[in-house]
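Here come two complexes built around chain A, the first alongside chain B, the second alongside chain C.
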Partner chain A sequence: MKVKVNGQEKEVGQNVSAANFLSSIGFDKNSGVVECNLKILKTEELDKVVLKDGDSLEVLRFVGGG
Partner chain B sequence: MEDILNIQGLELKSRIMIGSGKFPNNSLIPEIISASGSEIITVAVRRFDFGNPKENIISFIPKNIKIMPNTSGARNAVEAVRIAKIAQAACATDLIKIEIITDNKYLLPDNYETAKACETLAKENFKVFPYMNADLSAARDMKNAGACAIMPLGSPIGTNRGLEAKAMIEILIEEIKLPIIVDAGIGKPSHACKALEMGCAAVMINTAISSSKNPILMAQAFKNAVAAGRKSFLAGFGETSKAAKASSPLTGFLE
Partner chain C sequence: MKNENFERYQRQLLLKEFGIENGSEGQNRLLKSKVLVCGAGGLGSPVLTYLAAAGIGNIGICDSDVLSESNLNRQILYCESDLGKQKALLAKERLEKFNSDVFFETYCERLSEENIESIFRKYDIIVDAVDNFPTRYLINSAAYKNGLPLICGAVCEFDGILTTIVPKEKTACFHCIYPNKPGENITKTVFGILGAIAGTIGVMEALEVIKFILDLNCLKNKLLVFNGINNSFRIKDLQKRNNCPSCSNI
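And now, the complex of A and B:
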């Protein structure tokens, strides 16, 4: 099945948690914030959320800004 | 007596806020904060860079410094509220600088959408700092919507042109009973000094420091300028006059 991560489609297997999937593509769950279908997921929720086909993830972090 | 800036319970000894954008190297941030004396630094929220996963600006910000996320990238109130909530989830702060921009050439803020975002976020107990075009009606709307300070631009972001909106900022200082913090456009320590002399509560500086050849020395210069401006405002200025008034006695001259 497919999910979107920051606007890009990615393949993901069945019954994969958001935490495991994001870890597999290089995101440490303590280094930013994740929205799934516009809902903010707390760090502890990432393990509990199982991704579904068509889910849209936004993975965000702080950068320099004025 | 200590001169404390109190913004809805947020107590600051320093009247300079620092932006964290555009530094040649983020490792300079601790020294720049220290040199400026600032107790607050702004950051922006952007998509995670999977190509550079280790870069984390928060790791360069000392623990005793308050982080004020901004909503840059937002084009309307709904997007600003969304970014504010993401930022709060990321760093557990109630501070938010609302920045809503639709104009790509001059990067001027949208006061109408900013006032709407103020209302929503203030109701959700954020301490809201709206970045705005210096305009009395809009500032009143933001104050009524629950803003805890007003952040008018001195001139467009990153231009280093100083207080081109000076006359309008003076009206805000006179009429809006909230801290007025000049944000954007301040390019020289003398601009910052002038803002504090006028009665602004603080200034927000980024490009003037980050674009300097020596950002740390420039941060020190801003610290001194802000302190001078604030002290002179507190001291009060002497009257000006057309005709000269001698400083030395006009009697007892040699024959």
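And now, the complex of A and C:
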């Protein structure tokens, strides 16, 4: 199945949690904000959410320096 | 605009948005604007330089730090002989020589709940160019509460972000972008920053200020996400959050 990550399509297997998927693309779940279908996911929710075909993820790391 | 200034701004007056066709209305707007730049470091250096170059009439410079050697890879307003001196004062001294049309005021103090509103009150537009999350949330709340437009840019490693927040149009704020505040794994870590990455976002912050003053297309309800490794600029739509602690009740 396919999900979108920051607007780009990615292949994902069945029954993959958001946390496992983010880990597979190298995103540390404590390093930013994750939205799934426009809903913010709390860090503790990422293990419970199982991705579905067509889900749209927005992943934004914390950027606060200057 | 005074006639003697015409030559200085001649090349931007050729732009119709500024411009000769409408009697220099755009340039006059810049000269009458009051912009506060919070942070005179890696972002603040290019922001201040390009705002002064464009002819913003009144610029506030707020930074409590003195210059250290590790600043010099990115804070391009300063020289080796400036080490140990107050950055806001150094920036004022340098920029006054660069453009004497501009009035500069300095604030060599850390922004806090106690001083922020009295400083913000003197300005039309605020630029967030600070280096830490707690001050960013503070600036965001105070700007929203006081109805002041806020140009917000930040960098970390090879990444940069940029947005324009307009309280009177009830746009999404910094707290809407990052509703879950970062933990100590982020706030206590010293991340790498390359001068050219801070420069890219700082220049774009200055451009957002100028476009805002000229009523041009700004990043309202949009977040520009830059990655310097992939050479990518992505624009993400933002949504104001109904339960945002900083902007939902204003």
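By definition in this document, the second predicted complex is superposed on the first by the 63 of 66 C-alpha atoms of A that agree within 3 Å, B and C clash if a C-alpha of one lies under 4 Å from a C-alpha of the other, contacts with A are read in each partner's own complex, and residues count from 1 in each chain.
Quick note on the criterion: a residue touches a chain if its C-beta (ideal position, glycine included) is under 8 Å from a C-beta of that chain, and two chains touch if they have at least 3 such contacts.
Everything numeric in this text was worked out from a predicted model, so none of it was measured.
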Inset, instruction - For A:31, decide between first (touching chain B), second (touching chain C), both and neither. - result: both
Inset, instruction - Answer with first, second, both or neither: which of chain B and chain C does A:59 touch in the superposed model? - result: first
Inset, instruction - Identify the partner contact of A:40: answer first if only chain B is touched, second if only chain C is, both if each is, neither if none is. - result: both
Inset, instruction - For A:6, decide between first (touching chain B), second (touching chain C), both and neither. - result: both
Legend entry - chain B and chain C footprints on chain A, overlapping residues: 6, 31, 33, 38, 40, 42, 58, 60-66
Inset, instruction - Flag every residue of chain C that touches chain A in the complex, lowest number first. - result: 39, 41-44, 129-133, 136, 153-156, 159-161, 177-180, 182-183, 185-187, 191, 193, 198, 223, 225, 234, 236, 239
Legend entry - Sites on chain A touched by chain B in the complex: 6, 25-28, 31-33, 35, 38, 40, 42, 58-66
Legend entry - chain A partner contacts - residues on chain B that touch it in the complex: 19-23, 26, 42-50, 53, 56-58, 67, 69-70, 72, 82, 85-87, 89-91, 157, 183-184, 204, 206-207
Legend entry - In the complex with chain C, residue positions of chain A that touch it: 6-7, 30-31, 33, 38, 40, 42-43, 58, 60-66
